[in-house]
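In this document, chain identifiers A, B, C, D and E correspond to the written order of the chains, with residue numbering beginning at 1 in each.
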Amino acid sequence: MLLFDNNMPHTPLKRQEDIGLSPYELKFRGRHRSEDVQMTVFEIGAEDVQEATIHSAEEILSYKDSDKLIWLNIDGLHNEALMRELAENLHIPTEILSDVMEPATRPQMEEFDNGLFVSLKIMQFNEKLHQVSIDNLSIVMMNNLLITFLEEECNQFNPVKERLKKHTRRFRALGTDYLAFALLDVVIDNYIFILDMLGEKIETLETKMVLSHDRRILESINLLKHEISDLGRYIKPAREMIMSLVKLDSDFITSKNNKHYKELQDNINLAVELLDYYHELLYNELNIYHSSMSTRLNDIMALLTVFSVIFIPLTFIVGVYGMNFDNMPELHLRHGYFIVWGVMLLIAAGMLWYFKKKKWF
Amino acid sequence: MLLFDNNMPHTPLKRQEDIGLSPYELKFRGRHRSEDVQMTVFEIGAEDVQEATIHSAEEILSYKDSDKLIWLNIDGLHNEALMRELAENLHIPTEILSDVMEPATRPQMEEFDNGLFVSLKIMQFNEKLHQVSIDNLSIVMMNNLLITFLEEECNQFNPVKERLKKHTRRFRALGTDYLAFALLDVVIDNYIFILDMLGEKIETLETKMVLSHDRRILESINLLKHEISDLGRYIKPAREMIMSLVKLDSDFITSKNNKHYKELQDNINLAVELLDYYHELLYNELNIYHSSMSTRLNDIMALLTVFSVIFIPLTFIVGVYGMNFDNMPELHLRHGYFIVWGVMLLIAAGMLWYFKKKKWF
Amino acid sequence: MLLFDNNMPHTPLKRQEDIGLSPYELKFRGRHRSEDVQMTVFEIGAEDVQEATIHSAEEILSYKDSDKLIWLNIDGLHNEALMRELAENLHIPTEILSDVMEPATRPQMEEFDNGLFVSLKIMQFNEKLHQVSIDNLSIVMMNNLLITFLEEECNQFNPVKERLKKHTRRFRALGTDYLAFALLDVVIDNYIFILDMLGEKIETLETKMVLSHDRRILESINLLKHEISDLGRYIKPAREMIMSLVKLDSDFITSKNNKHYKELQDNINLAVELLDYYHELLYNELNIYHSSMSTRLNDIMALLTVFSVIFIPLTFIVGVYGMNFDNMPELHLRHGYFIVWGVMLLIAAGMLWYFKKKKWF
Amino acid sequence: MLLFDNNMPHTPLKRQEDIGLSPYELKFRGRHRSEDVQMTVFEIGAEDVQEATIHSAEEILSYKDSDKLIWLNIDGLHNEALMRELAENLHIPTEILSDVMEPATRPQMEEFDNGLFVSLKIMQFNEKLHQVSIDNLSIVMMNNLLITFLEEECNQFNPVKERLKKHTRRFRALGTDYLAFALLDVVIDNYIFILDMLGEKIETLETKMVLSHDRRILESINLLKHEISDLGRYIKPAREMIMSLVKLDSDFITSKNNKHYKELQDNINLAVELLDYYHELLYNELNIYHSSMSTRLNDIMALLTVFSVIFIPLTFIVGVYGMNFDNMPELHLRHGYFIVWGVMLLIAAGMLWYFKKKKWF
Amino acid sequence: MLLFDNNMPHTPLKRQEDIGLSPYELKFRGRHRSEDVQMTVFEIGAEDVQEATIHSAEEILSYKDSDKLIWLNIDGLHNEALMRELAENLHIPTEILSDVMEPATRPQMEEFDNGLFVSLKIMQFNEKLHQVSIDNLSIVMMNNLLITFLEEECNQFNPVKERLKKHTRRFRALGTDYLAFALLDVVIDNYIFILDMLGEKIETLETKMVLSHDRRILESINLLKHEISDLGRYIKPAREMIMSLVKLDSDFITSKNNKHYKELQDNINLAVELLDYYHELLYNELNIYHSSMSTRLNDIMALLTVFSVIFIPLTFIVGVYGMNFDNMPELHLRHGYFIVWGVMLLIAAGMLWYFKKKKWF
């Protein structure tokens, strides 16, 4: 299935050694990765966008006081030294970066002195593996600087990068909050896209289910329910976060972008409604499966009972005349055998008539 | 059934190529249609109403500064050039028209500088096909201009058009918000009408169900539950939208029409209550079906058990005297055969008495 | 049962021809009735009450500027001409009277320029038919005039009429809002009375259910659940209405009667709590019924299995010695027959011991 | 069980003759009782407490203007004359006393001109009868006077009476609201005590249930669920009442006692949480019982099927060679009998191997 | 399992002798313990931390007016004399200390004149016993003094003690509220850690369950559901408490620590979401177990029915020709025996074809 791999071991949210860490400590709490951290900078001017790859925190500093709009994307969270430099040079509070380095963090939003921090889950459908990978997206919005953090590189933002080139002037004019909206919009659209894929499976299952009594249907329902629960864990807190973002009266979300954030809220609400809708369909399917099993059991037992109830007395009768008593007068009747057949046919016909009347078949 | 066609493929809400679209981009996201867009204008003066069909966006402009009340109805959303002209000439924000062109949009309400945008699902019962078609209704209310957008033509608004001719003066006096109310009122009355039709099916099913054990009842419950869930997806967000419309303190809903919007709220609440009521009835029916299956299984098994338990020992006894041992004294008793019959009748009578006492039948 | 008649056809809430009616149109939407509309007037002075039957709307006008408290009760809603005269002469808004003439209307409350409109369902237990009839009660409260509308005459208000005669002075002093409270109080007390009757049936069912496996119990649970759902549809919106009545800051509910309206709220809350309580009891009963069916099935199958498992091998053994092979040494043993009996008794005893140990009976 | 007596008739909340009673009418609506009303007065001075039994309403008057704190406890509500005197002499509104005399009243709180009225259910565990009796406690708090009403005498308040003697000065200083708190605290502690007793039964049941398939377990679950529902009906509205008491900004609850009322709220919340917890445990137990029944049915049927499937073909084979055809060559084979035994053993072994492989036992 | 010991007796929340205790009475209501109360003091200066063990209340007094930050940890609550001295010397209200001595108290928060009182459950996983022990943590925050109370010593706070030594200056600067946050943070992280352990068991169970029909799976689900319910009883009120702590506008939580308390809220929300998620998974598992039992029963009964229905008529036929009538013409046919075999094979083949067509196996 998409999300839930039956054979994957349980990944704990909290390791014992991370309990009691200071909120000011920059320690990466995810799975350590050996690759280098990838940093890309987009410098958005009034006329054009320049993309560059950078390798050290110092290079970022040069962009700091630019009059352009700067989008810095960082893939990889395990470089603790880099984080410390970001904290010091860009004045991002250490508590914020500490949360960035905790992949188990809940979707959240926090305003700080010179910026706004937003974090939620990003879901990326990998067509080759036919599987969804889940990552944490952290966004730090400051005056003319937007930083995005991801554990792994992801190509979900390509459409935004293209729009950036086409509508450079609009992005420059609307600022970091519009850029952040564009990214969040893509993330939520992907939620809906993935829910759609699950929905297709659920509806296919429903049409399959009506007459079949395949045990694999039960397994599919089980897996799909697990996946819907998993998605709910990521999407529902994201809605909460988006809603407090819309209600927030912050300098970092300008009034001209307010309507876009309201649209985000509509989209995430749509996602949650889809989630609830599919949850209900699956619950319904399980009920129907169960009832249909019990209908089938009725049919099976009715068949067995009809057969047994008809033949049990007949078998008893033929048993009687198979006994070896010396003195059994019926055995010596001339038409004894045929009379017994007659009686047995009468009994069978009576039984059949009875079951027919009771609508057993 | 009405809404849910078992063989219809799943229609996704979000296509991969539409993810990341700019909110300022006017792209039609529904199923493309080759027919021309149909535009009808109603010019509502103090004395009479004039209906006209128009073909280009320029023609609309001539109505723009009319002192009459103008209702422009547009059937067909795929003409992107037209939309662009509407945006430019009537100063409707592109984000709004972008939402109009997205058929998967959630029922919503948004106020903009010179107007109010409202969108919800419209349900139309087609008597010939005995099926309900679902479309998106977008309403843009401006000072003296009301624009309605639909993907396909629909005759649901005919009663409003007739009232327009009969009570022209009232409509002229009460303005675009009263006209919008009249349209929304018809939409919600149709919700209730369709729920009523479902309700009739549900109640018919209930009376059928009591003694039957037909597998088709299970299928019907399943389909009806699916339809109730589908309706809920459209009606519940519409209620949310109507409620924020009532609470809204906007210049585009005048205080003299406020009471009408409160009535809309009462009607949509009635629709949601009906929805919940039918949901509960169906849940109840499924429970009863299930319990009645299990009662029937009890009856079947009781019958089988009574028969088996009575005849199994008897068949054993006749088997005993069918054995061919040389030395079986009973076989040579004069009344052996009759004694065995006597014993067997005693056993059967004892069993029957026992089952009678235990109230098995 | 009380409310739900299994053979009654489904009555739709909304007829197709009523969709799109103007809110200003006075059209009766219920079942048309040929009898005359009955109008009764109570003129409540400081000292005594005068009751009169009137026949035309003009007669009402004479009471309009009386310094007494006037209660006008109208049974029958289908006289559209009368309604129009009420609207014109008493300045009741047409939208209000339009709602009065719609029996499917939701319990609601609306304040208008010179009065307050309240509507809810009235339930009347008919002791002869042992059935509950449901009607719509509309109350219009104006300065010194209270109008009540009912589709059919009902004797529920008799105790209020008696109190009116006994405590004339108090009613005169406390005004129309106290009179309205007295009527609403009776309506809600009847809700509780009817819920009580249902409750008695539910608790009787529970004591019956414990050991019985009667299919009629399932039917009774089903009907009672349906009735509880039906009552919920009427009582829950009534609670909502009463609550907004208590919160309302209106000139038509004076502060000296506020405490009475709070008591109404307590009573309707009690009704809703009873409703939820009985709902839970019934849900519980259905669960218990179901579990008890499955316990009984266990018992039935255990009996069948014990019998079968004991006798099946024995019957096989006697079958073996009923075979007609020429060469079967055991048959010629002197005590062969008795040995076989011994073996069979041993097997049976072993089986019985095994089932006893496993606590099968 | 504790609360719910299976053989007790249903006691209606509302009798037909009480519908439409005036809220100003002092009529006792409970079960009439012949014993005298018991009145006890505690006069709490700065130094000591004096307890006295009084017999008439006039005697109360003498305490009215005392500078001491007066607690008047009245056991028995059916003396309508006494109530009228209380209303007149102590200026307690008749509507309040009318509620005191209605045992079916919902837990409520009402402020009046010169005092505060509080009412809730009191539950008293009777150790001899091993049963809980339920009564209505009404408390009227006035400046220096606190009146408590009960239908029957109860010894629940003894610890408060003792504390009254030990800490007289504190009670005198903290006033009627502290005394009321002390009484309410005892009432809610008794709720928790009774819930604890139920909880013990529920947890005992759970450990019993695991391997048993006793039908009495089902009955116990049923009774306990009924009791939990009953307790919920009394405790949940009491919580609502306590919460509005804490939020109330009244002169009759002084700020120095506010913290005590917050503690009451904590306690009643604890009671409701316990209620929900036990409700969940019971629901869980019913589910487990049901699933365990179905597991047992599986086991029973597997045993029957294994036995039947093995012996049915064998019994058929021995039947074949019991036929009496003239020409049956196998019968005359020298080792025919032994060959048949061999074949039958092979079949049986094959079947056993198959069931073993399928893990049927 | 972790929390719930099947053989542990039910521990009541409220003992009869504790009902009616004065809120000002310092009486220990837990299980009495003979060991001495352990008191440790941490004196946090600008430069270093000094740890000391103290033995009497007087020693505490010497720290009272220190300009350092003092953390006093008290393990053991049964020393009533000590509590009285704390109340008198440190001016902690007796009601607060009375709550500290009540282990059944609900997680709560209360502000008093010179401090803030916070109480919640602490859960400690004991690796040796593989069991979780639960204790009550009470925190009293005053100006420069923080007191923590526990019934039993616990090593959960060791990481905080280490951080105290490493970041002494930060702790000194951020004050008692930061120290309290650090402790609460560890407590909530342990909630998540324990939920993680349960989650691992739940997910392991799910993969095991798919094909097995082991009765022990049912028992495991049962135990895990009980544990989830138990955790909910402790964690959900803790969330409520944390949320009112964040909303509280108190002098004892300085604005610079506000963000930390918001993080606490995020963490406890994560815990509650996990709880709900696991609750849903378990509910799902129970449903799947149940449906899978019913699928298996279908399979068992289908096998029995196929076998029975095929062999029952055949056994009847061989019985017929085992009868001993004198006149049975078929017996003397030359190929009678072989014809019967042919007929029986035809019947069996027909049956098999029928079952194959119906997809019974």
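The working rule: a contact is a pair of C-beta atoms (placed from the backbone, for glycine too) under 8 Å apart; a residue touches a chain by one contact, two chains touch by 3 or more.
Note that the structure is predicted; figures quoted are calculated from it, not measured.
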Checklist entry - Can you list every chain in contact with both chain B and chain C? => result none
Checklist outcome for this item: chain A onto chain C, same sequence, C-alpha superposition: rotation to the nearest 5 degrees is 145
Checklist entry - Between chain D and chain E, what is the separation of their C-alpha centroids in Å? => result 25
Item to check | chain B and chain E: spacing of chain centres that average the CA atoms, whole Å | outcome: 41
Item to check | Touching two or more other chains - residue numbers and ranges from chain C | outcome: 290, 294, 297, 301, 304, 308, 315, 319, 322-324, 328
Item to check | Residues on chain E engaged by chain D in the complex (per definition of touch) | outcome: 6-7, 10, 12-14, 16, 18-24, 95, 99, 104-106, 108, 110, 112, 213, 215, 218-219, 221-222, 225-226, 229, 232-233, 236-237, 286, 289-290, 293-294, 296-297, 300-301, 303-304, 307-308, 311, 314-315, 318-319, 321-324, 328, 330-337, 340
Checklist entry - How about chain A: which of its residues touch chain B in the complex? => result 158-160, 162-163, 167, 170, 182, 185-186, 189-190, 192-193, 195-197, 199-200, 203-204, 206-207, 210, 259-260, 262-263, 266-267, 269-270, 273-274, 277, 280-281, 284, 287-288, 290-292, 294-295, 297-298, 301-302, 304-305, 308-309, 312-313, 315-316, 319-320, 322-328
